[in-house]
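Got a structure for you, questions after.
Letters A, B and C mark the chains in the order given here, with residues in each chain numbered from 1 onward.
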Amino acid sequence: MGLMKRHWQRRHFVEAFMISMMRVSLFIVSAALGLILWIVVVRGLPAISWDMVTKIPEGGYYMGKGGGILNAILGSLYLASGGTFLAMIFSVPIAMYLKTYLGDSKWGHYVRLSLDVLWGIPSIVYGAFGFTLMIALGIRSSLLAGIIILALIELPIMTRAMDEVIRRMPVDLEHAALALGSTKFEVALRVVTRQMLPGITTAILLGFGRGIGDAASVLFTAGYTDRIPTSLMRPTASLPLAVFFQLGSPYPEVQQRGYAAALILTIIVLAVSLGSRWLSARLNKYTIK
Amino acid sequence: MDAHIQVKNLNVYYGKQQALKNVNIEIPKNQITVIMGPSGCGKTTLLKSLNRFLELTDGTQITGEVLVDGQNIYAHEVDVTEVRKVVGLLAQRPSPLPMSIYDNVVYGMNIHRMKKDRKEYKAAVRHYLEIAGLWDEVYKRLHDPATSLSIGQQQRLCLARGLAVEPEIILGDEPTSALDPISSQNIESRLIELKKQYTTVIVTHTLRQAKRLADYVIYMYLGEVIEAGSAREVFNNPQHERTRAYLEGQI
Amino acid sequence: MNQMDSTNTPQSINKTTGRLSRPVVASRTRQNNFAQRTFFIFTLLPVLLILVVAIALFVRSWPILNAYPLYDLLFGKVWKPTNGQFGFLPFIAGTFWVTAVGILLAVPACLLVSIYLAEYAHARTRSIAKPILDLLAAIPPVVYGVWGLLAIVPFVDKVLAPLSDRWLDSVSIFSVNQPTGFGILAAGIVLAVMIAPLIIAVMYEIFSTVPNDLRHASLAVGATRLQTIRNIVLPQVAPGILAAIVLGASRALGETIAVLMVVGNIPQMPTSIFDSAYPLPALIANNYGEMMSIPLYDAALLSAALVLLVVILIFNILSMLVIQRMLRRKWV
């Protein structure tokens, strides 16, 4: 019986063609990642030196000759850690409240929607908003202003990341705690906190990764300087802007600093992203699924 | 025996777990074969090996042969869609496609471009809905969504949809388990009527249904075929200890 | 708030058993209620924040909205702040062109990749693809900008532009008028790669909502997987796919640094994908320094941010509503 033998019909050709198109598309997307990393490494690696990561630029970021990008590295770390810390203070209670009190209720739905919408607002708009705030409050571009705006940008990402992780927490555990006579607040504090640990770690890393890479908002709020900030009220440099400004310089030495900054920024962001993957996979083992 | 399907040395693994162990059976033509056994014994796995549905699950490994009319359906040159056209499946839960009753029946015929014009399709829809015993109930509302039917009607619609692509074999994976008793009985009587034209293989876990339907019986236990034979022989005089225990309700 | 009442169950249980009289329980209940109220205020924050951002931008851009009719601002073609001329049209057109090219390039590939991952790929392929997409999403915009500058701009300049000049010159949207490589196409390519991870992730989620029973019903009558996707899966998820595209567009609309680095930044009405353009976010970012030195300039730039915000909010809310509805959909 040859009935079931493959006689190549049009639909089989179409499917085989589409599958190969799908594979090509997946390859292109993956290749884009490879290409980006390759370019950053090839240009950045020769520019990296001990001076680069331990010195501030000599004679101005746009013109100077020697020196490094320590101002941008430290500035970015200050900005992103500050922003992440500030965002944590607000995002943990929101995520907890979403879980313990709101659940899948209508209000919970609106809060999640508004977080998703906030997530989608581009950083340039946050930057412009930060600018209006600074005028209103009479502060100049400073580390503090940058931290506040980065916190606003990170807040929705961190809250939603935590929310997604604790949402997967089994209801049974919570009910068991309630049945033992705990109030909801106690449930939130004890049970949920323990279960939230993977969520919080993932959120911190995600928020930090997003914060440290953001350029458009710190452009308005944190400014740029060759110095390492000594106070919250001083402006600060940052890695993304170090890339942006120094690549635009006509001097090759300064461009080198831009490439070095791009490589360091990429390494930090990738390490954070991979770290959050690894950590959440690891921490998940210790929580009830 | 005029065997329609022959299973030879079939082994199936889900990952590292072996679901079927060296299965060798023959399934007779134009009869109802019932696969029975306790749950988790590989009944459904065996059934789904017959229309190559196993490969839809990631990590499934299959060795051995399944011959339909002498053709190994796992052979490299065989087209899986042709296999599934010849070997139809009635699922455990009715799964009407999200379209009208009419379009559900037309769906498979359209996929295989089996009819020339609207008129032929219309006639075919009526024909298969009649065979499935559904025509009288739905002919006034053929263009209503299929989900508006009752569960029992949906299962008969799925039967009509399966028959419309002119299969030779019908597989039923506990096809009445989601249905009420009257709808179940309706499906059972359809299957008995249809066995003159179709080789039918049914998985069931109710012994009484097996006794009502079976011409030929396969008893499975822990991934192995313990006993296979004509219904009369197996039910009246089981050769194997395990089969006897099952029939007496001990497993 | 109805939810607030229903969350008080521990208290009501305590009442009926009379245990509320015990001081420890009473204080714990008070603690619970206090915490509940405090937490509730926290959840107002995201909602309020959206409003505050919009209102602040509106207040700051009021001087220019007051001084010029909205129509003149949005459809004025001349941008000379020193002369008091604030026409946004070239910038709006630039934003539109860049976003459109980005979406057109991204959508077919994203659709194919998400279909492949959701319908064809083995678990192992998926477990490789997922981290790749995550990393792509994690790369900062400025690094995309570097990539655009070093790879895409030369590629457009040396490869695509000459090809187009040779074969497609008669088609006006493909004609090469400013042969530098900087322009809409380079920005579109960079944007397409930037928004791809998001679009693929959303599309993948949407495809995953379709129950396997439906696919199996179609496969069981001998349909190919592709026929199943086209006839059964795609019609079910079409609104979600559209929403994913709109969501991607809203991300592309607001992207600043990466686009700014490769788009050329010439305020003109583009006619070809090889033209330079000057999208709204680039305008805001490039001129923030001089903002306060020219009358109404700051108001003009902040009103540009407001326009961007309003369009993005609309896109975002619409697509989010559709996506959330798709993800919560109950299948019979």
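Criterion: a residue touches a chain if its C-beta (ideal position, glycine included) is under 8 Å from a C-beta of that chain, and two chains touch if they have at least 3 such contacts.
Note that this is a predicted model, so its numbers are computed, not measured.
Among the chains present, the centre nearest to the common Cα mean is that of C.
The chain pair with the larger count of C-beta pairs in contact, out of B-C and A-B, is B-C. Ranked by how far their CA centres sit from the centre of subunit C, the chains are topped by B. For the pair subunit A and subunit C, the distance between mean C-alpha positions equals 16 Å. Separation between the centroids of subunit B and subunit C, computed from CA atoms only, is 48 Å.
Computed from the mean C-alpha positions, the centre of subunit A lies at a distance of 52 Å from the centre of subunit B.
The residues of subunit C that reach two or more other chains are 224, 227, listed in rising order.
Residue positions of subunit B with contacts to 2 or more other chains are 82-83. Of all residues in subunit A, those that touch two or more other chains are 12. By the touch criterion stated above, subunit A contacts subunit C in their complex at residues 11-12, 14-15, 18-19, 21-23, 25-26, 28-30, 32-33, 35-36, 39-40, 43, 90, 93-94, 96-98, 101-102, 105-118, 120-129, 131-133, 135-136, 152, 155-156, 159, 178, 181-186, 188, 209, 212-216, 219-220, 240-241, 243-244, 247, 258-259, 262, 265-266, 269-270, 272-274, 277.
Here subunit C touches subunit A in the complex through residues 1, 3-4, 7, 9-11, 28-29, 31-32, 35-36, 38-40, 42-43, 45-47, 49-50, 53, 56-57, 59-60, 108-110, 112-113, 115-117, 120, 129, 131-136, 138-147, 149-151, 193, 196, 200, 224-227, 247, 250-251, 253-257, 261, 281, 284-285, 288, 291, 301-302, 305, 308-309, 312-313, 315-317, 320-321, 324, going by the rule given at the top. Residue ranges on subunit B touching subunit C, taken from their complex, read 51, 53, 56, 58-59, 81-85, 88-89, 91, 93, 95-98, 107-108, 111-112, 147, 158, 161-162, 164-165. Per the touch definition, subunit A reaches subunit B in the complex via residues 1-7, 12.
Here subunit B touches subunit A in the complex through residues 68-71, 73, 77-79, 82-83, 86, going by the rule given at the top.
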